[in-house]
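Okay, so chain A shows up in both of these, paired with chain B first and chain C after.
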Partner chain A sequence: MNAYVLIKMAPDPVEELDIANDGKSLNAEFIRFKSGDPDEHSIEQALLLKEKNGGKVTVVALDAPEVDDVLYTALAKGVDRAVKISLDQTQLGSVATAQAFASFFQKEGISSDTLIMPGTQAIDDIEGETGALLAEMLALPYIGVVSGITLTNGGAKAVVVKEFSSGLRGEYEVELPAVLGIQSAEKPPRYVPVAKIRAVMKTAKIETVDLSEPDKAKILEIERMYKPEVAGRAQILEGDVKEIAAKLAEIFAERGII
Partner chain B sequence: MSASIIVLVEHLKGNIPEISYEMLGVARKIADASGGKVYALIAGKGSSALATGLGAADVALVLEDSSADVMNDDVLIEALKQAINEKQATLVLVGCTNISFGIGTRLALRSGMPFINWVKDIKTTEGEMVVTSALFGGKVLSDIVLKDKKGILGILSGVFPPDAGKIAKQPSIEHIAKPEIKSKITFRSLMEPKAGDIDISRMDVLVSVGRGIQSPDNIPLAEELANALGGAVSSSRPVVDQGWLPLTRQVGKSGMNVSPELYLALGISGAPEHYEGMKGAKLVVAINTDPKAPIFDFAHYGAVVDCLEIIELLKEEIQKRKGTQ
Partner chain C sequence: MTPVRPLFYNIHTNYKWAEPLTYILGAVAALIFLIGVYKHIKKWRTGRNEKFPLFTKDRLISFVKFALFQGRLVCDKYALVMHLGIFLGMCVLFIGTALATIDQDVAHLVFKNQFLKGSFYLGYKLFLDVFGFFLIIGLILAIYRRYILKPERLKNFVYPTFPYDSFYLLIILLFIAVSGFFVEAVRLAATKVPWSHYSPVGNLLAGLFTSMSEHTLQSLHFTLWTLHGLAALAFISLIPQSKAFHIFSSAANVYLRNLEPAGRLPSGELSGASKIADFTWRQLLQFDACTWCGRCQEVCPAYISGSKLSPKNVILKLDNELLRFSSVKSNGVSNPNGETNVSEKKEGDKTLQETIFEPSEIWACTTCRECEEVCPVFIEQPRAIIDMRRYLVAQGIMDKILQDALNSLNRYGNSFAKSDRMRARWTQGLPVKVKDARKEQVDCVWFLGDYASFDPRLLTITQSTAKILSQAGVDFGILYEGERNSGNDVRRIGEEGLYEVLRDKNLDAFTKVQWKNGSKLIITTDPHSYNTLKNEYTIDGVVVKHYTEFFNDLIKNGKLVIKKKLNGKVTYHDPCYLGRYNGIYEEPRELIKSLGLELVEMPRNRSRSHCCGAGGGRMWMEDTAEIKERPAENRVKEAALLEDVATFVVACPKDLAMFKDAIKTTGNEGKLVVKDISDLIAEAMEIQ
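Moving on, here comes the complex of A and B:
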């Protein structure tokens, strides 16, 4: 198995998301970048596969704020290789990002045991899912919303679980090489102590790969970015916590819930 | 220019989900305003029978395939591409759902039309079409202008009314041939949810915990509150993904659909994927420290306080009222 996990740094929505003065983008000053949950699960899934089947796991990212920390953390977790592509992620839309990765993989070479594992979906893009676009560009099979992978036929195929809805899931068989968009790993992502990450920072190296800019940074232009008008349907209960608890109990009683 | 719109209709186990009717409804509206046509494309086993219920479309494009409980994406994308060419489609609507995931983007590359994800609103004027995309779980909206009114749109569940897409007439039926595609993907089987200890879809009261519950150690507190209310604990996705609760307790797009009398959301932001599973709840109460959390947009009552501070107090108040203290 030769697994590649793609890491995207997206603005953390826990922070205040402020609109910039141009009215078309986020105010960069307040953005804190973090890797998405699906990407973290993708790292975990790749490591679980490696533990079972052997092989190699590489994490790849475009250049973005805080990305080195995420790459070192992945190395500390047991990933074999970390690669940073020297293109500014924040300037590229999904299609251009997929183009960049397509040329990266053409350079790297795709073998019969290659498994490309982006996260299913990040929360900040309008143009769609990079994984599916990349699969299309590389003419590889694609399955998204994956929550389980078992390699079969000596690593030539994978049996994959995809989530549908209402708790239903589908089992698929796919020939490798393939692109699988990971939603969640079979186990929660492992924890790695900060001391170990620090140690790795001293010894391990992040490889850099230079690629030329894709033709068109973005297919779609955002005309206007804004906060939704809070419809404010919720009636907000005021008071201290105890008063609020009493009010809620009263509402539940009125409704015959208790 | 009159619109020619293709709607990709989903179905699983013989059921068409609401999102498909929601898309048909909005497609009908756009087509009527411009004197255009709506095509509903439905593929896989049982499509012919299901197609008769797609009256909001002028024409149902039916790809019957008795061997496909779930249609192969590669075949479906090719069928959609052919339909776009043949019907000179200007718009294609696909659901922002797990089933249709990845179809819109690949179709965009093959058809040369742009793809917009997370679509929450579509406004058409004489000259252009403005599409609103909801990013960051609905915390930020972006307007994108389609000057030629052409595009492939991934439509969020629950934003357009489904009733507009349920019209009691039959569309005309056009059978389409299965494209000859050799796919490297084979569908093997449908996996039913594991029977859990509790079926949250049948509970009248759910105390639902999100990332705001912060630690698995706090789940028992939520359990106690749920017990006091005569209900059970459910959760958002991150709680399940971290292994704090089993998958059977997850509410949302990939989890269960619930419709309790009371949905008490503790530390849940209210992302569209979560909302999708709980929109049937009769009374929604949200406790969240962020006054701007999207969940307050659809909750009936809310309080901007720490859920860990209120859990215990609320349990006591409830027990007091029930006289069990």
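Moving on, here comes the complex of A and C:
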């Protein structure tokens, strides 16, 4: 197995998220970046596969604030290689990001046991397109929202569990190489002690890959960004259970629901 | 006729062949004993190195107080009488026997003289008889306690030596003591010396034998003498093989105990302890020093709550591993990266955590230190547990909530997963802006800790503490977003690397502080922060005070004025990290009393305060299924039994949260209210 985990840095929702004066972006002053949960699960899933089947895991990310911390942490967790592509991730949309990764893989080469594992979607744009676009560009099969991978046929194929809404699960078999968008790993992401990350920072190196800028950074233009607006349509019913039930029935009747 | 000690009475005249045998068997017993001792020492030496001053006055004083006179037993009078009886009885009888040997083999054989004669001999006889009697009393008390009273703490689950060791020990000692008296009695009955009343016990027993013929007495004497001698030699040679070895290991351990401040956790390997040889030699000595008394277990909040942890069991399992399973040749520290592949392991390569400990057992400890406080021989149970936690952390084996907390602490510097920029948000709404100690001159820095900064339940208390400080005219500031969790509990979780990161960031913030008058004072509302700031950060020239100490001073020197005396009965809960770890017991009490309140103590107070259950990182872990009663609930029930006490006073932000919950879950809502001391001061100062 030759797994590649693709990381995207997104604004940390724990920090105060303010709209910038242009009304189209976040106020950069307070933004801190972190990798999203699906990406963290993707690292975990790749490590679980490596522990079971052997092979190699590489994490790849475009350049973004605090991305080095994420890459070193992944190395400390047991990832074999960390690669940083020197393109500013925050300036690229999904298509351009997919293009950047595609040209990375063209340089890197894709073997018959390659698994490309982006998180199924990032927590900022929630587009979930990068994986699919990348698969298209590389002419590889794609499955998203994956929550479990088992390698079969000596690592030539993968049986993949995909989650649907309302708790349904589907099982797919796919031939490698393939792109799999990871929703969650079979186990929660592991903890790696700080001392180990610090040791890795001293010994391991992040490889840097230079790529030319994609043709068009962003295809979609954000017109307006805004916080949820108060609509004032909520109505709070007061009283005891019976009274509330009566009022509720009245409202339902009024609106023609019952 | 001058009284003189008879040399080999009866034996020398009637059983001369037994004389050389005595020397031969004595030498064999001594040899077996010495080999046994050597084996123990060799085991201790398999541990990692730990350096500390070996010869100090404090060690000597502590040895006399706690080893020779067993000072830790003063609160258990029964045990004190029982154990001192056995210990001093055996000591005196041993010294008596040694003197007799010297009298015979040195004074008599070499110098053709004896010193055990005249009034010295008579005093010697009396002394030995009296202490022999004490020994028997002690043994009877011990047998009564162990087999009739049967306190739960004496029950063992692991026997590092052999299962009936305690029984064997009591019986063989009793046999030696009783047979010794009978040997003496028979001799006195046969010799009828005029000074026999100097051996009151022997003389009394001699009455039983006066009717027998001299010949019968001589053969009876020989039989008893032989049995007594064989038992004594068997006992000596088996000391290293039995629990009796604690005579030496416990004494050595008391002498070599950790004399550093209790709040300063000794540093250990980052990869933690997963093999017995990963502990230091001093820790291995501690495990071997355990006397199986179970006092630690009796007070342990984790054990009482029903968790899998018993500190006694932890130490005994480790001792068992040390004595019975660890080969003396150790392969040293386990893989430094902490990477292991379970399937490829051979049986001998398995870790302690895979074989004799369950993670939930190791995680159950609240590091309240009560076990350590009551241990008669100064074993550091929490330290061993934390070393084993370090290994679990290195392997990532932990509760999900704990993992989230550690990740949050690493990223945001607090366990609440809040942005560090929100740390001083509580200051909003205060009438006066709180100074940023890094930018403005201050006399003192207030280190709040995570709970006071972020927990919404504590907002009003934190704000009123700020108002108290301003009203008392204290020129204080805070570190704003520069403050990080102090790391006290992170360290006790076993995440040493994260602790260092947090500590270094705080130290960095402290170096930026603009101290006004050269007086460098840090006050903290959180006992956990207090402990590590005071004992582990050790910032040059800085005094660290808990707010109860500081406010008590302010009241004493009149800077903090009480406008309205409060009244009513309250009880006070000593936080572990303030009391047991740092000995701050009286300041909070003085403070409470100076507000006009009547303080009623709970039965478990001061150093015996019962932990709330949140320490040592337990607040970041879920209770396991086997928990019957949480420590805080146990504590609240104790307080609820106090007559007319309606207020449960705390001095730790975590306590407030823990006990408010416990009052609800134990149904004491109408009866008890939890209040922080700051609450009470604010009330007395009429601060809104």
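Following the convention adopted for this analysis, the second predicted complex is superposed on the first by the 227 of 258 C-alpha atoms of A that agree within 3 Å, B and C clash if a C-alpha of one lies under 4 Å from a C-alpha of the other, contacts with A are read in each partner's own complex, and residues count from 1 in each chain.
Note that a residue touches a chain if its C-beta (ideal position, glycine included) is under 8 Å from a C-beta of that chain, and two chains touch if they have at least 3 such contacts.
All values reported here derive from a predicted model rather than from experimental measurement.
Look at A:Arg190: by the touch rule set out above, it reaches chain C but stays clear of chain B.
Of the two partner chains, neither chain B nor chain C is touched by A:Ala28.
Looking at the superposed arrangement, the partner reaching more residues of chain A, out of chain B and chain C, is B.
Looking at the shared chain after the overlay, A:Arg198 reaches chain C, while chain B stays out of its contact range.
After overlaying the two complexes on the shared chain, residue contacts for A:Ala156 are found with neither chain B nor chain C.
In the superposition on chain A, A:Glu221 makes contact with chain B only, while chain C stays out of contact range. Overlap of the chain B and chain C interfaces on chain A: residues 188. The touching residues of chain B, counted against chain A in their complex, run 12-13, 17, 70, 73-74, 97-99, 101-106, 108-110, 114-118, 130, 133-145, 154, 183-193, 204-205, 229-230, 238, 241-243, 247-248, 250, 253-257, 261-262, 269, 283, 285-286, 291-292, 294-306, 309-310, 313-314, 316-318, 320-322. Within the complex, the chain A residues that touch chain C are 14-16, 30, 32, 34, 78, 188, 190-198.
Every residue of chain A that touches chain B in the complex is listed here, in rising order: 11, 13, 17, 19, 26, 37, 41, 94-95, 120-121, 123-129, 131-133, 135-137, 141-145, 159, 161-175, 178, 181, 183-184, 187-188, 219-228, 230-237, 241-242, 244-246, 248-253, 255, 257-258. By the touch criterion given at the top, residues 270, 337-339, 393-394, 396, 398, 400, 403, 406-407, 410-412, 417-419, 421, 495-498, 500-501 of chain C touch chain A in their complex.
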